[in-house]
Every structure is written in C-alpha cells, then in structure tokens.
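Each chain gets a letter, A, B, C, D, E, F and G, in the order it is written, and its residues are counted from 1.
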Amino acid sequence: MSEMTTEILEQNLGKIVLVKLKGGKSLRGRLKGFDQHLNLVLEETEDTTEAENVKKLGLIIIRGDNVVLISPPPPR
Amino acid sequence: MSEMTTEILEQNLGKIVLVKLKGGKSLRGRLKGFDQHLNLVLEETEDTTEAENVKKLGLIIIRGDNVVLISPPPPR
Amino acid sequence: MSEMTTEILEQNLGKIVLVKLKGGKSLRGRLKGFDQHLNLVLEETEDTTEAENVKKLGLIIIRGDNVVLISPPPPR
Amino acid sequence: MSEMTTEILEQNLGKIVLVKLKGGKSLRGRLKGFDQHLNLVLEETEDTTEAENVKKLGLIIIRGDNVVLISPPPPR
Amino acid sequence: MSEMTTEILEQNLGKIVLVKLKGGKSLRGRLKGFDQHLNLVLEETEDTTEAENVKKLGLIIIRGDNVVLISPPPPR
Amino acid sequence: MSEMTTEILEQNLGKIVLVKLKGGKSLRGRLKGFDQHLNLVLEETEDTTEAENVKKLGLIIIRGDNVVLISPPPPR
Amino acid sequence: MSEMTTEILEQNLGKIVLVKLKGGKSLRGRLKGFDQHLNLVLEETEDTTEAENVKKLGLIIIRGDNVVLISPPPPR
C-alpha cells in the first residue's frame, strides 16, 4: 500500500467514508480502522446499495479483498 | 489483520454476529472462533438469506475467503 | 487454520458432515480426512443440491478453495 | 495436500475417475498422474457434462485450480 | 511492475487518467498516487460508466486488483 | 507441475493441441512452448469455440491462469 | 514466464498486437512494454470488442491478470 493511501486513510479515521464492494454493494460508515490489505472497520455503517432502502449495519469488519474503492468525504 | 479487527472479534466471542458471504448468503450465529484469514467458527447458525425461509445450520466452519463482512451485535 | 477448526474437524472424523461449495452445490458425506487448506476427503457422499434429486458420489476428494462452509452434525 | 488425498489418488492411478470442474463441466477418464496442486493427467477422457452428448477428449492435462472434486470409482 | 509502467504513471501524476475496472466500471480522475499493485489514488473522480449519468466521486482509493487498464490523456 | 505433465507437453511440442479456456473458449494450435504456470505459446492457432465460425489467430501467447485443460492429439 | 514468451514479446516491441482480456474485451495496439506478469503497455490502442464500434484508447497500461491471450501480427 502506498504511503499516500495510508496517509489518506489515517486522515479519515473517525470520518464517514463511502466504500464500494465487488458485486455492487455500496456502504457508508465511519472509518475506525484499516490494515495494509484494506481490511476495514467501519461503525454506524449503512448499506446504501438501494437508495430507497438503506439498511443499518452498525459496526462491521470488511474483508479487504472485497473492496473496489474507498471515497473519503469532500473537505469543507 | 489489524489489531483492531482481532480486538473486535475477540470482544464478540460468544456473541451473535451477522456474516455476509460472497454470492449473497447471510448467516447469523454465535462466534466461537476465528483466525487471521477470517476463517470463522459459528454455532447456533441460521442461514437468514431469505427472511421468510430461515434455515438452521447449527455449528459451522466458514472458509475465510468467502467472507464479505462481519457485523457484531449493537452494544446495549 | 485456527486450532479450533482443526479440533472440530478432528472430532468429526468418521461422522456425516454437510459441505456447501461455491456455485451452490451442497454435499453430505462422512468426513475421512482434511488438511490446512480445507481440502476434504468424504465417503458415502451424496450431492444434495436438489432435494428431490439426490445423487450418490461415494468417495470424493474436494479441493479446498471450493469450500464455503462445513457443518458437522448436531450432537445428540 | 493431505497424505490421505495423495494415498487415494495413488491407489486410483490407472483407474477411471470422475472429475467435476468449476463452471459445471464433468469429465470421466483414467487417472495417469497428479501433483500437489491437483493438476491431473487423464487418458480415455470423456466430457460427460451432457449425458446425451458425451464427447471424447482422449489424453488431457487439467490445470488443478479448475478442479472442484475428484471421485474414484466404487470398490467392488 | 515494469519500469515503463512506473515511468508512465509518474509522468501522469497530477493529470486526468481514465481507469477501467473489472465489472465494467469506468472512472476518470486526476492521478495523485499509485503503488506497485496498481492501487491508485485519484481526485476529482467521476464515474463515467454511464455517459448520460456521470456521478461525482471526488477523492478515491482504488484497490489495484480491480484495475483492468489505465489510460493517460493524449499528449498535446 | 508434475513430471508427467512436463513430459506430455514436451512430447507434443510441434504438434497440434486443443486448449480449453475459462469462459468457454476453445483453441486449437501447434504447441511451440510452455512453462510451469501453463503459460503456452501456440502457432497456427484457430479459435474453434463456434464450430461454424472458426477464426484464425496465428501465433499466440496464452496466460496460464486461463487454461482449463490441454489435450494433445491422439497417437496414430 | 518462459524464455520463449519473453522472446516473442521482445520481437514484437513496436509492432501491433491483439490482446484479449477476461470478460471478452479485445484490444489492438502497438506494444511498448511488458513485464513478467504480462502487465502490458500499448500505444495507439483501439478497443475492437465491437467491430462496428471501434473506440480509440491511445496509450494504456493493462494489468496482467486480465490478459487471456496476446497475438502478434503475422510475419510478412
């Protein structure tokens, strides 16, 4: 993992991130932790795959090999 | 696996967790064990993929490479 | 593989287990052997994917990377 | 690969085995060789995926990562 | 990763690149970083999979194993 | 790769082989080279996936992880 | 990668090659670089998947694990 990736993830600890998974699932949650495989820990997670049917998942561990992309919130 | 992941899983040993697998299967069971590949041992497991057709699976071993996410129960 | 996984599999040697594979196949057979990749040897195996069309497979070797989960029989 | 797997395959060298592959293909052929990745050499192979349309393949090398299961013939 | 790949990516740091992912997603964004697995950091990213429905993603981290191809902009 | 696989491939250098790939493609070509990953070099290759629409490909390099099986021609 | 593969690719540096990717995409471009994973650099690339709708891609980096086969042009 490049230093930049680590840096971006560290800067976003405690912030809401968008995570897209293989298979099309979209999640939105507060980033609590990560490792070099992009295994992620999110809290207050919502499955936002279907905009009209958001499901609360709360605290989750994501196995990194499912991750397509991670998007931090825009800076204000 | 990050220390945080290990810590979360250890805190949830003996508790009911939700596990989502590649291919769309959803399982709910009591976490008995895990390793660094996210191989999991669950007991009292139910396949909850179809809400109207929950199937009892009891004690199971899950091969970690099938795991998408693990969600511990909300704290009370 | 965690010690617990090894222990559970060892306790179930000679017993009937349910094995679910990637792609949806369900097998039921007597566990004769296993290794750390979850390569499995089953005997008296039946393909129970279609409940109304169970097929006898007898002795089989399963390549571990196909395994989703293994479920031992409930204790009596 | 467990010793048992090696032993079973060695006992079946020269015998007809059934091999199921990822993607659903079923093959039947005489086991001539194998290695620890379950790369297989079969001869007199038939593609039996469609029971009503068996195709002769003769001598083949199968790349092990395609193998789901191998079933030796029942003992007589 | 070949030296040429590294060189091309370095020359395009700060420039808009097109990235195609497994599963068919097309992204367009400014290349901020990369590593030897082709993990990428893009900013001002747009999901251009559907030409008539471009979605803004902003800053993203792409896990390299999802990448099919990367195309820098044509030189002027 | 087992010695037998190497031996069979070596014996078939310069001969027409059938290669089946993941995803269903069938190729037929003259085996010019191979390595331990089953990366293959074929010449005079034809894509025979559709029997009624054979396409000439000529000299090709096949990445080994796509190979399902290789079938040498029957001896005469 | 076998020496022969390296040799063929080196002989075709600067020449137009056809590349077929997993998922069915066909590309045609001038080979500028490659490495042992079959990561490729092509220039003047066209996406020729749909014969009636060729798209210009220009310079691209292809992640090697997507490659099914590479076909150099026929010698004249």
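In the analysis below, a residue touches a chain if its C-beta (ideal position, glycine included) is under 8 Å from a C-beta of that chain, and two chains touch if they have at least 3 such contacts.
All values derive from a computational prediction rather than experimental measurement.
Colleague: To get from subunit D to subunit E along touching chains, fewest steps?
Modeller: The least step count works out to 3.
Colleague: What whole-number Å value describes the gap between the mean CA coordinates of subunit C and subunit F?
Modeller: From the centre of subunit C to the centre of subunit F is 34 Å.
Colleague: Distance from the CA centroid of subunit F to that of subunit G, rounded to the nearest Å?
Modeller: 19
Colleague: Going by the touch rule set out above, which residues of subunit C reach two or more other chains?
Modeller: Within subunit C, residues 22, 65 contact more than one other chain.
Colleague: A student should be able to answer this: under the defined touch rule, what is the ring order from subunit F, with subunit G coming next?
Modeller: F, G, E, A, B, C, D
Colleague: Tell me, which parts of subunit A touch subunit E in their complex?
Modeller: Its residues touching subunit E are 1-2, 4-5, 8-9, 18, 22, 24, 38, 64-65, 67-72, 74.
Colleague: Which residues of subunit G touch subunit E once you look at their complex with the stated criterion?
Modeller: 21-23, 25, 32-35, 37, 39, 41, 45, 57-63, 65-66
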